[in-house]
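Some structures to go through are shown next.
Below are two complexes that have subunit A in common, paired first with subunit B and then with subunit C.
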Partner chain A sequence: MTETVVTPPSGRTVRKAAPGEARTPRRSGRRRVALPYLLLLPALLLELLVHLVPMLMGITMSFRELTQFYIRNWSEAPWTAFDNYSVAIDFDAPVGQALLKSFLTTCTFTVLSVGLCWLLGTAAAVFLQENFRGRGFLRTLFLVPYALPVYAAVITWAFMFQRDNGLVNHVLHDQLGIGDSPAFWLIGDNSFWALLVVSVWKGWPFAFLTVMAGLQNIPRDMYEAAALDGAGVWKQIRHITLPSLRSVNQVLVLVLFLWTFNDFNTPFVLFGKAAPEAADLISLHIYQSSFQTWNFGTGSAMSVLLLLFLLVVTGVYLLLTTRGRKTSDV
Partner chain B sequence: MRRIRAAVTGAVTLSLVLTATACGGGEDSGSSPKTLTYWASNQGASLEVDKKVLQPELDQFEKETGIKVKLEVIPWSDLLNRILTATTSGQGPDVLNIGNTWSASLQSTGALLPWDAKNFGAVGGKDRFVDSALGSTGVPGQDPAAVPLYSMAYALYYNKQLFKEAGIAQPPTTWDEVVEAGKKLGAKGKNGIGVEGSNLSNNIHQVFVLGKQHGADFFTADGRPDFTSDGAVAAVKQYVDLMAAQKIVAPGNAEYAQNQSLSDFAKNKTGMVLWQTPSQTFSAQGMGPDEWGVAPAPVPSGKPGTGKQTNSMVAGINLAVFKNTKNLDGALKFVKYMTSDEEQIALNKAYGSVPPVKSAQQDAAFADPSLAVIRDTLATSAAALPQVPEESQFETVVGTAVKELFADAAAGRPVTTESVRAKLEKAQQQMPKK
Partner chain C sequence: MSEHAVRRTAPRSPMAAPRSFLWTRRIFLALLTAFVVLPVYVMVSSSLKPLKDVSGKFEWFPSGLTLRPYADIWETVPLADYFVNSIVVAGAATVFSVVVAVFAAYAVSRYSFRGKRVFTVTVLSTQMFPGILFLLPLFLIYVNLGNATGIALFGSREGLILTYLTFSLPFSIWMLTGYFDSIPRELDEAAKVDGCGPVKALFRVIIPAATPGIVAVAIYAFMTAWGEVLFASVMTTDSTRTLAVGLQGYATLNDVYWNQVMAASLVVSVPVVAGFLLLQRYLVAGLTAGAVK
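So, the complex of A and B:
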């Protein structure tokens, strides 16, 4: 039962059968084909159970009139074909209008949040590449928001954003004297900025961590060579660091985008059940459309639309970035 | 080879076991005839207080009947969602507390046991309960979805020290007097009256009563939403104008949703609040019972009554039995126990509410002046919130509209009849189509 493993330069692993095994090449060949699938089976079954089944149920629900009168026995809920969808995307009626507004708010919010998270994370990771006193401490400190439980962290922010007793207004208004009267952060238009601050605070350590890991793979000789050729810090970052981080960034931006776009916890803990219009993110909006008004059919239809949108964005993004990378690699 | 085969078998078995256990979770909940699961709402100053109040009573019940009650106190923010989830999955408690305004909405889901003559008979009959409390147990003409457990009503609570400092001799009885008192308090640098602008349910309770005073209901007689009538618009505007026009509510109240107005009151920042049973919270905030006074909530004429002189909703908690219970007999016994005179007196006393059971109401414990106001209000000038299946949605959409109007007022934007009507119009369009 000995096997020799040869790794060719292409990186692909080829197994060579030992002489004694040559008797039954077919059977063992089939086994080898089956083995990875069998090992994947548990993961596959669990994936079906925890992700696909609820998703399929959600899709089914979106075609039914699942209101409070039917939630006790779903199977009795009448089929409504595309009624729930037409309610959701009728942008002349209030439900559709509110959904569209929430969608646009979410898009703006996501672009800003992901952009800032990436910028802060990358900047911090690059600066912490240099070895200096206190680097370990700063690295730990920067990761704290990522390690805190979301609920505890966001509820603290909610306290800090309170108008009359919050720390934010205490600093901005009482000490720095900005504005005639203390601003509201948890209601009204400012709530968007409050949400953005919390989201960036919560999200950038992940960008920092990922970019920091990516930086470890860039050989130091490249920087030394570039320095010898007279490249300054900015040139090194532009021509060595960023191109080398390309594949890391590809995944990082995608993941941050999906997390931010779908984020439910942050707005829910910050604003409660009814988010102010300026910060009405889509996941909270869908929650309110289903749980608060007890209309799970329309809520599901909105969820399916969101799923389709995210699938399309992800697909297009991967297509564009991967194609770009292939051509640049050549 | 054998090792691989073993690994494969192991992996497949493990995955099957995991799948099977994942499917099999959560089947055991109170199916034994000797146990009951009870979801209590949060009535005391904290969940811990509730456990301390309720557990001895449940122990007593176990002693008498041999049935063990598993208690879970659920915060208000979760209760309705938990009930909806239990309804959807069929896995829930045997007996549960519901806010009485949800009765009709939950009744329409079919999740709760209807209280027909036979079930009422098992707990001593429908006649034991006060009429106004029975008016908030479901759609009129149908078997109630629950029985009343605790009754409450709104009243005007005032801070005696601040009233004295501002030279206000008598608590106000009309809205004009409220505004006048508020301005006097304002002149002393205090806030007139506190509101919870971001608390959707509280907003609804207040504008519902003001709606009554303007002769408006938020639903037509056949149960259709009617949020934009002149009376409804005037009611909402009058409430928000306490901040926007009269300026007797501090702008910061627009974001209150966690009883901050009660702490302001206890900390001598605010002179008045309209509230239901705040005495426990006051004492938890360090305010003694002789530092605050209570008067009937204001009405246009100064004399509470029915119709346009309504000054409170019928607030309260109902006790319901989950239809899926496997221990119906035990559940009925438990409801009978909780609505018995003795338990009614003990529990309502602990929570500062009034018993909805006639015979228990006569107890000396409820003759205290502060509770007498509540009892009189319930008996003569309180009205039940609309008993329609869409009540829960009404709370959400109109409550949100009032919250947004308060946000406008707090930011200094004008609140006009048109802007109020536009918000209510939008709210009405979000209601389910019939």
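So, the complex of A and C:
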């Protein structure tokens, strides 16, 4: 009985494989080698057209005096070597000073935002690890900020931060009595904190989603073994959950860092085209200085400097975190 | 003996938690929920308020409920046109991006070929380029290409579709490669035995088995295109404006009708949020297989 069940498939396999194998030598050769490249071709062409060629062009543009007169024919713009770069990093002149200030603001902003996003995301994922009533609902609810289109969410925050008719001042000033008069949130120094709140609100669910996916890979018996050894919940979190998340965190923190550092959408929608100085993130700063003065050469030089900075930080980060992981594994 | 029994039940709920843990969890989750819900509440409640309620001091509860803002939003700015543009652009970008990503991920997952590592690293590293770096050159390329060949990429939906579909491509390829890797190769072999070529095997075997991953990638691509602001603000003209730029039209008017702004924000959010929440299961599954390895 078992014999008959097993035999047909294996018999079929042998019978069908034979002509297939006989055909392969004829059909393979060039087609076999070319196929993966053919499959990749569309992706490759698109990446070339939209990312790589423009990037190389951007690097060339940074060495030219590319003002509005040369927009239609950018290859005729005069070659100026490193002039654009010296303008961008001359920290005694207004342009360089503004760039440096914007850069430092962006650094502070990114560290705070990434730290808070990671903290909220990890804490929420850990607290939602065990089943309890309402867990599924909260998990869905927490993803809403991630699912909302950036502009819709940020416009709502802009309304909440309005001085005279916003919710924030109503709560802080009218209901809690903080401050003599309602504060401005979208201009002046407060705008930094307003931007930070919006950025964290929008960004932490991604950390939550990623950590949640990472938690599913921790084998359950590790907790069971720890519980048998008498480790309480807090100890289990500290000694099992957090260390197991290390490789997830390595990628997560890097991705959050790059996204936050390059963030354009949030300040652009929150403040309109002119961001207050306290919240002048670097992408918006470059955009403004390019499109207001139509000096694409200097704008490109600033973008290239930004790219170099991100490359160096990413390289150092990967080096440090990978080495740290290796030594701790040993 | 009794101690033994206690010990044996312990593993069933290894996180059987002390009070301190339960209370920390309760307080933390309550505060976080409030933080998450607050803007959503403001959006929904303000969209139902009469204009005088949103022009004066903020009130937690509307003095009267009205649906007027939902009728007026279509008149104040040409929201319907923006809607159509966004749907066409995001829809087309999603379809093309998914198709291109499926082919590329199939190649990376199932074949070894020269330049494979260069390809994956290059594609992934484009994620880290600041958008502003290739915005200016891309703007020039589109303008000049239009002047030279007559193909209108600048200011057209096609140009925006082309741009957006590459935005989601790197992450989609990465995620799908991980997903395809998790599909046993025996399935391909079986298909080959049945006389399928590699392309037929992709359509007959891999794509049906990878549906959750493909759905996840599609959601991601659609959300990326639907929410993008920077390129939309430079690459569109009045007739091709998408919601991302169009919605700011309310805020630049002399009098900002905040109840209409909130109503419009809600209306443009519903399609993506509903789609996302319905399909989030796939996204988490896709992330688990693709990203966390």
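FYI, the second predicted complex is superposed on the first by the 288 of 330 C-alpha atoms of A that agree within 3 Å, B and C clash if a C-alpha of one lies under 4 Å from a C-alpha of the other, contacts with A are read in each partner's own complex, and residues count from 1 in each chain.
The working rule: a contact is a pair of C-beta atoms (placed from the backbone, for glycine too) under 8 Å apart; a residue touches a chain by one contact, two chains touch by 3 or more.
Computed from a predicted model, the values in this text were never measured in an experiment.
Student: Is A:L307 touching anything from subunit B or subunit C once the two structures are fitted on A? First, second, both or neither.
Tutor: second
Student: Return first, second, both or neither, reflecting whether A:E47 touches subunit B, subunit C, both chains, or no partner chain.
Tutor: In the superposition, A:E47 contacts subunit C only.
Student: Who does A:I178 touch here: subunit B (first), subunit C (second), both, or neither?
Tutor: neither
Student: In the superposed arrangement, which partner chain does A:P276 touch: subunit B (first), subunit C (second), both, or neither?
Tutor: First partner only, subunit B.
Student: Can A:Q292 be said to touch subunit B (first), subunit C (second), both, or neither?
Tutor: first
Student: Just checking: does A:L148 make contact with subunit B only, subunit C only, both, or neither of them? Give me first, second, both or neither.
Tutor: second
Student: Would you check which partner chain A:V95 touches, where first means subunit B only, second means subunit C only, and both and neither mean what they say?
Tutor: first
Student: Check the residue A:D164 against both partner chains and state whether it touches subunit B (first), subunit C (second), both, or neither.
Tutor: So A:D164 meets both subunit B and subunit C here.
Student: Determine, for the superposed model, which of the two partners subunit B and subunit C contacts more residues of subunit A.
Tutor: Answer, by number of touched residues of subunit A: C.
Student: So, does A:L258 touch the first partner subunit B, the second partner subunit C, both, or neither?
Tutor: second
Student: Pick out the shared contact residues on subunit A: the ones touching subunit B in one complex and subunit C in the other.
Tutor: On subunit A, the residues that contact subunit B in one structure and subunit C in the other are 35, 39, 42, 46, 49-50, 71-72, 74, 162, 164, 272, 291.
Student: Where on subunit A is subunit B touching in the complex?
Tutor: Spelled out, the residues of subunit A in touch with subunit B are 1, 28, 31, 35, 38-39, 41-42, 45-46, 49-50, 67-69, 71-74, 93-95, 98, 162-164, 181-182, 184, 186-189, 272-274, 276-277, 288, 291-295.
Student: Name, in rising order, each residue of subunit B that touches subunit A in their complex.
Tutor: For subunit B paired with subunit A, touching residues are 1, 4, 7-8, 11-12, 14-16, 18-19, 22-23, 77, 81, 84, 87-88, 90, 105, 108-111, 197-198, 200, 250-252, 254-255, 257, 389, 392-393, 396-397, 399-400, 403-404, 406-408, 410-411, 426, 429-430, 432.
Student: Hey, which residues of subunit C end up touching subunit A in the complex?
Tutor: That would be residues 7, 10-11, 13-18, 20-21, 25, 28-29, 32-33, 35-40, 42-43, 46, 54-59, 99-101, 103-104, 106-108, 111, 113, 116, 119, 122-123, 126-138, 140-141, 143-144, 147, 162-163, 165-166, 169-170, 173, 192-195, 198, 223, 226-230, 233-234, 243-244, 247-248, 251-252, 258, 261-262, 265-266, 268-269, 272-273, 276-277, 280, 283-284, 287-288, 291-292 of subunit C.
Student: Provide the residue numbers of subunit A that touch subunit C in the complex, in ascending order.
Tutor: Result: residues 13, 16-17, 20, 33, 35-37, 39-40, 42-44, 46-47, 49-55, 57-58, 61, 71-72, 74, 120, 123-124, 127-130, 138, 140-153, 155-160, 162, 164-167, 169-170, 174, 201, 209-210, 212-214, 216-217, 220, 223-224, 226-228, 232-234, 236, 248, 251, 255, 258, 261-262, 264-265, 268-269, 272, 282-283, 286-287, 290-291, 296, 299-300, 303-304, 306-307, 310-311, 314 of subunit A touch subunit C.
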